Amino acid sequence: MTSAAAAQGERFLALPASLDFEEANEALYQLGVTDGLPVIPPTPDRVARMLEGIRRDSAQSLGTMGPAYGQATIEKIAVNAVMAGCRPEYLSVLVAAVEAMVEYEFNLYGINATTHPVTPMLVVNGPAAERLRINSGYNCMGQGWRANATIGRAIRLILVNIAGGTPGKGDRATHGTPAKFSFCLAENELASPWQPLHVRRGFAPDVSTVTVHASEAPHEINNHTSEDGAGILRTFAHAVSTVGHNNSYLGRGEVAICIGPEHAETIARDGLGIADIQEHLFAHAGNRRSELLAIGRDNFDAMAPFEASEADPFVGLVEKAEDYLLFVAGGVGKHSMAMPSFGLSRSVTKPIGID
Amino acid sequence: MTSAAAAQGERFLALPASLDFEEANEALYQLGVTDGLPVIPPTPDRVARMLEGIRRDSAQSLGTMGPAYGQATIEKIAVNAVMAGCRPEYLSVLVAAVEAMVEYEFNLYGINATTHPVTPMLVVNGPAAERLRINSGYNCMGQGWRANATIGRAIRLILVNIAGGTPGKGDRATHGTPAKFSFCLAENELASPWQPLHVRRGFAPDVSTVTVHASEAPHEINNHTSEDGAGILRTFAHAVSTVGHNNSYLGRGEVAICIGPEHAETIARDGLGIADIQEHLFAHAGNRRSELLAIGRDNFDAMAPFEASEADPFVGLVEKAEDYLLFVAGGVGKHSMAMPSFGLSRSVTKPIGID
Amino acid sequence: MPALNQNAEFLMNPVGARNVERGPIAPRLGTLRGPTIGLLANTKKNADILLKTVGEILIREHGVVVVISRRKVSSSPAAPDAMLDELAESCAAVINAYGDCGSCASWCIFDGVTLEKRGVPTATVNSDAFVVLGQHEAIALGLPGLPIVTVPHPMGDVPAEEVRKRAEAMIAQVLRVLTTEAEVLESEYTDRFIDESDKFTRSEMVCQL
Amino acid sequence: MPALNQNAEFLMNPVGARNVERGPIAPRLGTLRGPTIGLLANTKKNADILLKTVGEILIREHGVVVVISRRKVSSSPAAPDAMLDELAESCAAVINAYGDCGSCASWCIFDGVTLEKRGVPTATVNSDAFVVLGQHEAIALGLPGLPIVTVPHPMGDVPAEEVRKRAEAMIAQVLRVLTTEAEVLESEYTDRFIDESDKFTRSEMVCQL
C-alpha cells in the first residue's frame, strides 16, 4: 500500500474523482484495494447513491473485522459495494452479512488470516432472493447474475479492505480458492420439498435472511442413477468422507451440502426430511481412525466411533447431526454440492433489513 | 439476448460507443454477454489497443467453439479480453488457451454444456509467468492479481459469448462453481524441486505455455503433520478417493493436484519424483467396487483392482498413472489442492507465442 | 475486414459468428416393414432398457426385421466414426438415446446430426428438460429441422418397469419421425421446442437477469 | 461526518479505519529464579514437545521453580477466558507457542496481547515465515512492541529430536524477552520484523502486483 492515508482508513484517497476509468483503476490496483478485476471508481456521488439503498446512519460501525481490526462502518461497506458493481438495493444484504461475520463464533480473524482455502459463502433466503433476482437455479454458484456476482465480490473487497485480508500479508492463504472472487446464492425455496433454511433457524418465511458459512469451494456430488433416497444419501456421505478437509482434520465445525432439486425430489419421495438426512450423514460420514491418526488428529473423545472394525472404527466429521447445514439450490440435473468448512467456525444467519 | 445482430455474432453492437459506463454496463448485462460483474465497454479503440498485444491477423479464426459453434477469431477474443479487463500483453495467453480448448480431446462442447460444475483451469509455465506477473505464490487460486483474475475471467466470457455457454441455455450447469468466474495461475517453478509441467510435456524451459484442464473447483488437502513423503502422499490419495466426482464415476480423465511448496519439499526430501507420486496415486487412490456399483458405474474392465478384500476391491480413478496431472504452486503453508476433472476430457498444453 | 475506426461510434460485439448453413434432414423410410433398425445407446442409465424395449416393440408390432444395438464408450463425446460407419451401412434408420443432461444431450444431438447428414434418418431422444438445449444444438450444427423425440425427465432415477412404460409411450413419436415425409417433419420440428421452451423448462430453475 | 459533496473531487477510500491506540507491554521479571512459568500450547503439532523442553531447561538451568502447562482446545480462536485467568493468576510469565500458519499465528498473537495487557509478560512464539503476519497483528491489536520469539519454519514435519534442538536454540530469546526491561524490549521489537520482512518471507512465494 503506497498511500499512508489509504492504509489508515481515512475517508478519501489522494486520487482525483475526475480520473478516467483506466487511470482510476490502475491507481486503485497499485494501492492493493482491488481483486485484480476492473472496479467501478468509488466517487462520492456513486457512494451517496449506494447509501440510498439502506436507511442507516452511514457513520455507524458494525464492529471491527480482523486481522487488521478495521472499523466496518456502513459508509465503508458502501464504498466497497460501489467498487464491486453492486446496485444500491444489494447494500442491505452486505450489511446483514457483515453483521453475521463479526459474530465471535464465525471466527473471521482466523478465516481471513489462515493458510486454508476458505471464503464466506452467502446463502440468501426469503423474499429478498426474488426481489433482488439472486439466482437459485441453473449455475447459481457460477457467473451470470449481477446480484450473486457483485454481492459475493463486495464481501471479498470488504475482507481485504476493511478487515485487512490482503493476500500474502493479512491473508496468508497458501493457494486460496477461486471462490474468493465471489460466492453468493439463494436457496431455491420453490424447488425444495422441505422448509427453507431460515425458517428452520427460527425466522418467519417472509423474513429475508443471509446465512454466512466459512466454505471451501464446492465439491461435486454426482449421482445419476440411484432410484431411492438411501442411494443419494450414501453418495453424500461418501463424498465428504476424506481426511483432506478441515472438518475431518479438526473434528468440528459444520459441513454444508447444497442439495440439487432432482436429488431433493428423490430423497423426499421416500419420506425423508432434513433431520433424517442430517442423522444419516452424522452416522455414516467419517474416516477411519487410522487415517486420522496419520494426519495428526487426536481429539476423538467427543466423537462416537461407528462401523468398520473395532480396531479401526470410523469417526465422524462433526460434533452433532445439526452441524450438517442443508439447503436446496440449483437447476435441473442430478448433482449436489458439498462445502466442507474451515472447521473452527460456526455459520451465522442474520435478517436482511432496509432500516 | 434481445439483439439479433448480437446473437448472430456481427462485428458491432447497436450500442453507441459514447454510452457512459453505467449505461453501457446495463445494456451489456441485459444482452447476457457479461458475467454479472462490471465490464469494460469494448469500444473499437480499446479493442484496437488490445490487438496490439499480439502479431496475428485479427480476422483469423482458431476454430469453432461449442455448443453454439461460434467462430473464435482473434478479434472476438480481443473484444472479450477488453471486457474482462485484460492488458494487451495477456492476449497471447488467451489465444494459446483457446487453441488448447478447441482440440478435440479437450471436449469443450461437453464441458460447456454439461450439468457438471466444471471450468477450464489455466496453468501457465515458463518466462511468461514472471513477465506478465501471473501469481504462483500466496493465494494464486484466489483474487488479487490482475493477470490471474482477468485472464481467467476472459476465458469465461469467451465460453459464454463465442461458444454459447449462457447459463440455463447453452450451459446447463446445475450449480456451476465459483471457479467459473476465473481460474488461472502459474506454476511456482522457483519453489518446485521437480521439472516444471511444460518441460515434462516436451517443451523447452524457456518456452512459455498454458495448460488447460477441465476442473472442478479445488479441494483442500490439509496435512500439517507428516514428517515424510509417504504421509503426504497417503493424504493426497485419500483426499481424491470419493465417488462424488466424475473421475470416480466415469473411471477416466485426469485428476490434477497442485502440490504446495511445503508438501513438495517434504516429498522431495525423501527422494520421490513426479513419476513416484503418480504411481503412488494410481496404486492407492480409488473406491470400493461396491460404492461404485451403487452409483451405477460398471466399466471396470480397464482398471486393475487393488487392495481391500477380494470380494470388494478398490478400483482406481483413472486409466494410467500419468493421468495424475501434477504441478507445484502456492505460498507458505502445509496445503495442497486436488482438482478432479470433468472426466471426459484430456488436458492440453500449448505454447504462448506473440506472433 | 474494415479498419476498426470505420465504426468507432459503436461498441464491438463479443458474440462469435455462428453457423448460418442450413441443411436438410435425411429422407425418411416408406415403411418399417423389412428394414434393419440401429439402436445407439450412450451409456446413460436406462438407455439400454429404453432402446431394447423399443426394439422389441418395433419387431413385434411394426414389421422391423432386425435391430442392431451399439453402445458408446461414454455419453460424451461423439460416437466413434467406425461405429457410425457400421450403423450407416447396415441400418435403414437409427434410434439414438438419450440426452438428459447438458453434455450427453449435446453429444446425442451431435451423433443424430452426423447420421442425418450421411443420409440416415434418426429418432434422436432427449428428455423434455433438455430438448430446448438439444434443439439449440441442432440449429448450431446446421440441422434446425432435426426431429427430436422426447421422454419425461428425469430418466436416471426411475425403475426398469417405468422405463419400459416410457418406451411404449414413445413409440408413436418414433414411428412418426422415421416414416413421415422429410419436408413435413422439418416444418413441424423447426423451432418447435424453442418456441415452447416454457413448457419444458421448469420456471423455478431459471432466474431472470 | 461531513456531507459527501464536500469532497466530491476525491475518490473515497475502501480501507477501514484501523486502531490507532498504542499500549505498553507488561513489566518484565527481574529474575527467573523462583517464579512459576506458564506454558500455553495451542495444539499445533510439536508445540507440546517444544514447550516441554523449554520448561525442563528453565527448571534445570535457570532457577524456575514450577511450570504449568495448559493446552487450548484448538489453535483457533482465542484461549478461553478461564484458562487465561488461571495463567494470569498463577504464573509470573507465560510462554505461548506457536504460530506457524495464518489462523494460528493470528490467534497466538491475540492470546499474547491479551496476557500482556493484563500485566503478564509473555514469550510469544511464531515461526519465522509467519512473524511478519504476527507483528502486523500485534500492531492491529495496539501492542506494536510485543516481543515475538521465532523458530524456524516449518515446525510440523520435523521429528521430535529436531524440535528439542530448536527449543534449546530458542532459550536465549525466551530469557531475553522475559527479563529485559520493557522499554528496551519495546524499542527493539517495534517494527523489527516488518522492516526485515524480506528475511522472513521467501521471495518466490510472493508475486508482485
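To keep things simple, chains are lettered A, B, C and D as they appear, and every chain counts its residues starting from 1.
Please note the rule applied: a residue touches a chain if its C-beta (ideal position, glycine included) is under 8 Å from a C-beta of that chain, and two chains touch if they have at least 3 such contacts.
Just so it is clear, the structure is predicted and the values come from calculations on it, not from any experiment.
Counting C-beta pairs in contact, which chain pair has more, A-C or A-D?
Most C-beta pairs in contact, of the two: A-D.
Quick one: report the Å distance separating chain A from chain C, using the average Cα coordinate of each chain.
About 40 Å, centre to centre.
How big is the gap, in whole Å, between where the Cα atoms of chain A centre and where those of chain D centre?
30
Between chain C and chain D, what is the separation of their C-alpha centroids in Å?
Distance between chain centres: 66 Å.
Using mean CA coordinates as chain centres, what's the chain B-chain C distance in Å?
30
Can you list the chain B residues in contact with two or more other chains?
Residues 29, 32, 115-116, 137-138, 140, 144-146, 168, 171-173, 224-226, 262, 296, 330-334 of chain B each touch two or more of the other chains.
Two or more other chains touching the same residue: where does that happen in chain D?
As it turns out, chain D has residues touching two or more other chains at 45, 101-102, 130, 156, 201, 205-207, 209.
So which chains actually touch one another? I want all the pairs, not just one.
A-B, A-C, A-D, B-C, B-D
Can you tell me which positions in chain B touch chain C when the two form their complex?
Within the complex, chain B touches chain C at residues 1, 5-19, 24, 28-30, 32-33, 41-45, 47-48, 58-59, 64-73, 75-76, 79-80, 82-83, 104, 107, 109-111, 113-116, 157, 161-164, 168-173, 250, 252, 296, 342, 344.
Touching chain C in the complex: which residues of chain A?
Answer in residue numbers: 133-138, 140, 144-146, 188, 190-191, 224-227, 261-262, 266, 330-334.
Using the touch definition from the top, list the residues of chain D that touch chain A in their complex.
1, 4-5, 7-20, 45, 74-77, 101-103, 105-107, 110, 130, 132-133, 136-137, 140-141, 156, 201, 205-207, 209
With touch defined as at the start, can you tell me which chain C residues reach chain A in the complex?
Per the stated touch rule, the residues are 44-45, 101-102, 129-130, 153-154, 156-159, 201-202, 204-209.
Which chain B residues qualify as touching chain A in the complex?
Answer in residue numbers: 21, 25, 29, 32, 35-40, 84-85, 115-117, 119, 137-150, 152-153, 156, 160, 166-168, 171-183, 216-226, 231, 234-235, 238-246, 249, 258, 260, 262, 287, 291, 294-296, 329-335, 337-338, 340.
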